[in-house]
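Chain naming follows the written order as A, B, C, D, E and F, and within any one chain the residues start at number 1.
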Amino acid sequence: MNARILGDEAEREGKAGATLVTKRFFSLDGKTYEDGTLPAKTKELLGLVASMVLRCDDCIAYHVDQCVKVGVSDEELWESFDVALIVGGSIVIPHLRRGVEFLDQARAAVAASGSNPG
Amino acid sequence: MNARILGDEAEREGKAGATLVTKRFFSLDGKTYEDGTLPAKTKELLGLVASMVLRCDDCIAYHVDQCVKVGVSDEELWESFDVALIVGGSIVIPHLRRGVEFLDQARAAVAASGSNPG
Amino acid sequence: MNARILGDEAEREGKAGATLVTKRFFSLDGKTYEDGTLPAKTKELLGLVASMVLRCDDCIAYHVDQCVKVGVSDEELWESFDVALIVGGSIVIPHLRRGVEFLDQARAAVAASGSNPG
Amino acid sequence: MNARILGDEAEREGKAGATLVTKRFFSLDGKTYEDGTLPAKTKELLGLVASMVLRCDDCIAYHVDQCVKVGVSDEELWESFDVALIVGGSIVIPHLRRGVEFLDQARAAVAASGSNPG
Amino acid sequence: MNARILGDEAEREGKAGATLVTKRFFSLDGKTYEDGTLPAKTKELLGLVASMVLRCDDCIAYHVDQCVKVGVSDEELWESFDVALIVGGSIVIPHLRRGVEFLDQARAAVAASGSNPG
Amino acid sequence: MNARILGDEAEREGKAGATLVTKRFFSLDGKTYEDGTLPAKTKELLGLVASMVLRCDDCIAYHVDQCVKVGVSDEELWESFDVALIVGGSIVIPHLRRGVEFLDQARAAVAASGSNPG
């Protein structure tokens, strides 16, 4: 889908694609989570909790994956889920359940590949 | 207001107050931000970003104050503001402005009292 | 403000006012809370909890007032606050505080007028 | 999924599970809808309307089921849908449609089992 | 589903259906997007952007279809996506992706039918 | 406040200011509403309706002002209010009222200055 949105004309099969504003927003979005004064690990947790209280499953899946990649532990994730649940209330519960599913999948994928993201 | 909501009958001047459910929620809310595997500093930043994307000024003021108390630096706050702004969009801007005002007030209060929260 | 929005041209001082769509919506909004299979009392509590989880103080003030007018007790209101708080999370707390303030004001106004809304 | 989140270590297959904060929240969530000054029936309708305006289909499915279990009539449900629709707007319509589907399924399940939840 | 909600008793198979409030709301919803001082084209774009920042995929699909029917160009849609993305932030991205999928499907359906909606 | 956030060190009185991510976001936000395939007039209406359904008064005030500056008529604004009200529901009403106040102030300011924004 990114090629359809951000790609060149061939990738978009001649269809109109994203404007410059949208392209720059996507690029800015990537920069936001790079290591800075705060480590990427903390920024990914911030992105995850923001996604949970705003209740966006695709965004939760993405940030759980990123958290696993940058070495966040399960205990750190569960304490972050606490904040999302208390701030956002029971309406967050279905998304917390899916967050746990995404986490189990991400850990299983790492185990299957034999790599150590920590 | 907390005495009116959570206090004993005298504090509530004979009026009905919070149920047990509400009292327990308030207590749980306090426990959420205590040091754990994640330090209180990180948890306060998670609470702050959640409050910013949900756009609650009272909650932002509270978490900015807590961040200053547990020693979060201005640079760490600005990088957290980035996440809130990118995830939540321009609708967050008025709340980011107020977040900066709350921060300036909290730093000024610390300077006036001569204490060093860091 | 209602005259400015819904009134005739004289009331609007010659300015453009609400379209037919907006006028009909306002009228439909009024009908929603009339006694039906569910009593007005329950409908006002539904409107109140919806307003609390969506965090609209003007709407909370309005429905608290209506609840007092149709005879909802403080205990019933506190149990409704529970639902709003648990569903909506700590982000609802500032609005719950203001809901209690609105309630105290509404009860005081009734006491001052000598009427009994129950 | 509840066993994965709230269960003991065997149920979690050795994985980290919910913190004490999350466990207590789940327990508090259950207590919120018990009979009190307001009957469970009214509280479930409050939970349903809150879920509809916040647009959480899993939560709507859960509360529709609970409403059927505690004996809420279809007419009472439709009047509650009115409040959700008017407060929350046309954005609620897809969730109202799904609420009706959940209701038809819950009534069919009751009819199939021969029990009478009212 | 509309027959189940809005239809007569036969269409509803004897089940309770929408109240008068809900029926009138559906009718008002239809009137909102008719040509007025603003053309239907602009109103559909307003409905689309509102649906994107509120993140309702069913509503986005509906308004993208309507936009195609009333002759909105791809370039106009992409500039509207910009506004939704900047106002609503990265949380809108998954919905923008689905908006593009809906658009490609709507254009393909038009091409297959040989009609020209512009 | 913009100088405090986006300005150079002197303007920020030595305090830490916005990161590059936040600065670029502000710049992108400005570009979003420039004339393109869609005229600025339509884009401002899109920004206004998005702000109304997300219920941000500062954002509504800003876009109403911009609408007046780029020559949107009152009739066009009222039809845009319709879309916001129908999509977002009665929770939008307090913001619609304030939108009308902002409009009256913006028109009065234009009348006082003798200019004609249309």
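Here is the rule we use: a contact is a pair of C-beta atoms (placed from the backbone, for glycine too) under 8 Å apart; a residue touches a chain by one contact, two chains touch by 3 or more.
All figures in this text were calculated on a predicted structure; none of them were measured in a lab.
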Fill in: If a chain touches subunit B and subunit F alike, it appears here
A, C, D, E
Discussion item. Which of D-F, B-F or A-F has the same interface as C-F, meaning more than half of the contact pairs match by residue number?
Written reply: B-F
Worksheet item: Which integer distance in Å separates the CA centroid of subunit A from that of subunit E?
Response: 28
Worksheet item: Taking each chain's centre as its mean C-alpha position, how far apart are subunit A and subunit C in Å?
Response: 38
Item to complete: Mark out which residues of subunit A touch at least two other chains, giving numbers and ranges.
Response: 19, 21, 25, 28-29, 32, 36, 50-51, 53-54, 59, 75, 79, 82, 85-88, 90-91
Discussion item. Thinking of each chain as a vertex joined to the chains it touches, would you call that graph a line, ring, star, complete, or other?
Written reply: complete
Worksheet item: Can you name the residues of subunit D that touch subunit A in the complex?
Response: 1, 4-5, 15-19, 21-22, 25-26, 29, 50-51, 54, 56, 58-59
Worksheet item: Quick one: in the complex, what on subunit C touches subunit D?
Response: 28-29, 32-33, 36-38, 42-43, 45-47, 49-51, 53-54, 59, 73, 75-76, 79-80, 82-84, 86-88
Response to the item:
Listed in rising order, subunit E residues that touch subunit B in their complex are 53, 85-92
Discussion item. Could you list, by residue number, the parts of subunit B that touch subunit F in their complex?
Written reply: 55, 73-75, 77-79, 81-82, 85-86, 90-91, 93-94, 96-97, 100-101, 104
Practice prompt. Can you check the complex and tell me which residues of subunit D touch subunit B?
Written response: 19-21, 24-25, 28, 31-32, 36
